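Chain lettering (A, B and C) follows the sequence in which the chains are written, and residue indices restart at 1 in each chain.
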Amino acid sequence: MSEKDTLLDNLGRHGISRRGFLKFCASMASMMALPPGAATVMAETLGKARRPSVIYLSFQECTGCLESLTRSFSPTLESLIFNAISLDYQETLQAAAGTAAEAAREQAMKDNYGKYLLMVDGSIPTRDGGVYSTAAGKTNLETLEDAAKGAAAIIAVGTCAAFGGIPYAKPNPTGAVPVSDLIHDKPIINVSGCPPIPAVITGVLAHYLTFGALPELDSNRRPLAFYGDTIHDRCYRRPFYDQGKFAKTFDDAGARQGWCLYELGCKGPTTHNACATTKWNQGTSFPIESGHPCLGCSEPGFWDAGNFYSALSTTTAPLGAWSGAAIAAGAAIGLAAGAASRHTQKEAKQAHHVVTAEELKNKEEQS
Amino acid sequence: MTVNEILTWVRGPAMQFALVIFFLGVVVRILEMWLLGRTPDLSLARRSGFIPGLRTVFHRSIPAPGLLQRQPLVYLGGYTFHLGFFISLIFFAPHIQLFYGVWGIRWPGLPAYLIDFVAVVSIAALVALLVHRFVNPVRRYLSNGGDYLAWLVTFLPLFTGYLVAHESVLPYAQMLTLHILSVELLLIVLPFTKLTHSFTLFLSRWYNGAMAGRKGVAS
Amino acid sequence: MSAKALEHGINAFVEQIDRPVASFFNSCVHCGMCADACLFYTETGDPKYTPIHKLEPMRKVWKQKFTFWGKLMYKLGLSKPVTEAELEEWEPLVYDSCTLCGRCSLVCPVGNDITYMIRKAREGMVAAGHAPDGLKGATIRAVEIGSPMGVTWKTVQAQIKHTQENTGLQIPVDQKGADYMVIMSSMEIVNFPEYLGSLARIFKEAGISWTICSDATEATNSGIQIGSSDIAAQLVQRIVDGAEKLGVKYVISPECGHAYTAIRWEGPNLIGRPYPFEVIHILELLDQLREQGRLRTEGTETARMSFHDPCQLVRRGGLVEQPRRLLKMVASNYVDMPDPGIWNWCCGGGGGVSANDRADALQLRVFSRKKSQLDTARVETLVTCCANCRIVLEDGLEHYQMAIPVVGLTETLAKHLVTTPQETAKTETEQGEG
């Protein structure tokens, strides 16, 4: 692909008409709740986009985020956009390997210094100097710090990069941390999810390419357009929640009727993501629709937020042992207190003062 | 820490702590009371006080003649609040799940809109009772910090619980965190306040009924 | 009062606190319903008369000595000990504005027997020297003379003589082996001597073997009222000694509320052992006789009659049905006043209040409740079976200028007693011979 190709040129070569491209921009703009007219701006800007350089670094990750993005039946517009940017480094997708690949990356970083977009997936181990994940002889920690220097912005793709994800879960043996714990001087956007929805990733990219800035973010640095609502707020099964109709097992009558999965552990109410509206596989379905409770995978610490199949209202505390211990301790203290009380009573009885008629007479003379 | 991580902590170690204090406190309180003992009554009883005692445990819930008219708010407001509190606690599905997780038993719940209604009515009753406590000369005279604290720690779970379902004040995760925290506060405070009446009232009513019953009076 | 006296008082509080007391204090939620049941609050509107409030000093002692939190606060100096001044302030609350009537105990939603606790609180008050002068005087007389009103055996003898003259019947005295021993309240001996005559006539018809004991005539117990178990035990012991000496099967408790509470319910606990005899209230006996057909009456009172239930006999004593069963034998125009039976309102003078002149004004003020009951029922004659209630009722009615006679139940039954022809024949024979 020629570096001088515009995005529109590239799309045209793949049989996507200008009209089709405009439709894509319109739907993207509407999905991100951008103002009217934004679609046109997006189309013009994106159409002329000179395939900005994107460096994609994968750290302590499972490659699920990339799979989500690229795995599809037929080439999607999203994947085409993705391919149409100048993806100058991506270990899974690139053909090059070894020192040649590293050299290409360093060249791209130098050529586009201050302008390239850095995409990161996977968490970064920090314990023991970060030795638990290395590539090309360098720790992920070093690589990130190095790459962040010349980046215009960083997109942390997936919950691992955004919040630490599965390596971060207890006991976190590698000292895994999210990108935002390490880089403090660059704009970071967290596109969380395990994995994130493909359209969310490309939506963020499209916004950045169009407006040169990151979209509006929530307190966790996630784009509000996609993470502003909870699954619960948009879930099609919400009427069942409201009516108190819950599936109690995965195959009971309620489950088969599509009742709410709250009692099966659904974390929808506390999970911000676009699954309930945008859905997965080009809008085919999402976990709840398929009958599985939401895991809350786009939220920080979701691996440690209690059993996936225990409702949000349950306690994650190990009650059995502790209650027993508390009651036993209470019994011990209580018995001791009771013994002290009995002693007080006994003493009082021994100190009993006999009231006599004499005494009643001589109240003034009492001493 | 993010909101969800705080929620996880509130559901976990904080709940553990609250329950430990609760169990400890309640057991100590019961034993402190129980071990004071009671000297046996040597007078000749007309009948055994056991059944009358048991009867009074239930029967005392009925207002005494003339007193409902004198203080309708105390009885009606009191019952509305208590019933509403227990209905919301026992028949709301998420709570049933909580108990199921702990005890392994569950029971049918009521639809959320009914629980909603019950919660609102209970909250209204509680507020009315608070106003009464300020305004009525006897209640104002009797009331102290402990009474107001008990009111607050009882009010908060109802209020925050209602707001979890209605994300008008705060989003679900934040509100649920506050709700569970308010419950933990209630658990921690309960054994050290008049809220102990929740279990000692049975014993008090039993004694009342038994002591009167052995004399032949249905109290 | 001295520091030592205060110490005695606190110590007595400690002695009195048992499991029920702790349960009650633990359960109180300050709902205030006890005030709405208490005569002294409803008729004055003064919240300090709230029953549970009367127990504040004892509650503090319980908290500070017997609860984990209370002990901690006390140790840290965050909770102050009960003071002399507090006991002085509480004395009128515990003695003047409480007759131990028991309405509060019936009403408390959490089941507190506040009356039980006030009785116990008085132990602390009196040990600390804080009791009303009038009640102290009555108690001293009861211990030293044998009667709170100063009645001696001489007085009783005089009344016996009068009664024998009036009825023509012998009053048995010190009869060993009699079935029933009769004791009386000083009030009856002095103010309502017709009680004794009524008993004599009824027992004659029923064929009851009975006696008076010269060593033990006094039924009332000032010790209970002032709250000294020591003195109360001393007074009960006299009756027990007399009954044991004469070897009677039963001791009849007379028309006096607190006398019944003392001898029937508190007595064995005061002296530390059950009695070798049974205590029966005169109404219980009369009701038994009625059932057995041994108490027969004729004719009825026509006035509109109602019954005032003495608190210690009915609500706190258990004689719930007997009074009306008996009264309806002789009352054809009987009406219940509002709140009858165990719900009736105290006359206002029980529990030592009538012996306490400091409480006079308050006592008369709260009589407005009884007045209201009587007005609503349009009562013409009021019947009761407690001599103290009778005096208090008479005083109250006079104060409120209500012309309603108050009569005793036993006396009313005796008035309509069917006497056997045997007696009539004997009289005729006597007359014939005389």
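Operating definition for what follows: a contact is a pair of C-beta atoms (placed from the backbone, for glycine too) under 8 Å apart; a residue touches a chain by one contact, two chains touch by 3 or more.
Here the structure is a predicted model, which is why all the values come from computation and not from measurement.
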item: Of A-B and A-C, whichever chain pair has more C-beta contact pairs; value: A-B
item: Chain nearest the overall Cα centroid; value: B
item: Distance between the centres, which are taken as Cα means, of chain B and chain A, whole angstrom; value: 39
item: Gap in Å, rounded to a whole number, between the CA centres of chain C and chain A; value: 77
item: Junction residues of chain B, two or more chains touched; value: 28-29, 32, 34-37
item: Residue numbers of chain C (touch at least two other chains); value: 17, 66, 68
item: Residue list for chain A, restricted to those that touch at least two other chains; value: 333, 337, 341, 345
item: Footprint of chain C on chain A - complex, ascending; value: 333, 337, 341, 344-345, 348-349, 351-357, 359-361, 363, 366-367
item: Chain C-touching residues of chain B, taken from the complex the two chains share; value: 28-29, 32-39, 41-44, 46, 56-57, 60-61, 64-67, 70-71, 74-75, 78, 136-144, 147, 150, 192, 194, 196-197, 200-201, 203-209, 211-212, 215-219
item: Chain B to chain A touching residues, read off their complex; value: 2, 4-5, 7-8, 11-13, 15-16, 19-32, 34-37, 93-95, 97-98, 100-102, 109-113, 167, 171-173, 176
item: Parts of chain A lying in touch with chain B, wherever the complex brings them together; value: 163, 219-220, 230, 232-233, 241-244, 246, 262-263, 269-270, 296, 299-302, 304-306, 310-319, 322-323, 325-327, 329-331, 333-335, 337-339, 341-342, 345
item: Interface residues, chain C side, partner chain B - complex; value: 17-24, 26-33, 35-37, 41, 45, 47-48, 50, 52-53, 66-69, 105-113, 116, 264-269, 272-275, 278-279, 314-320, 339, 342-343
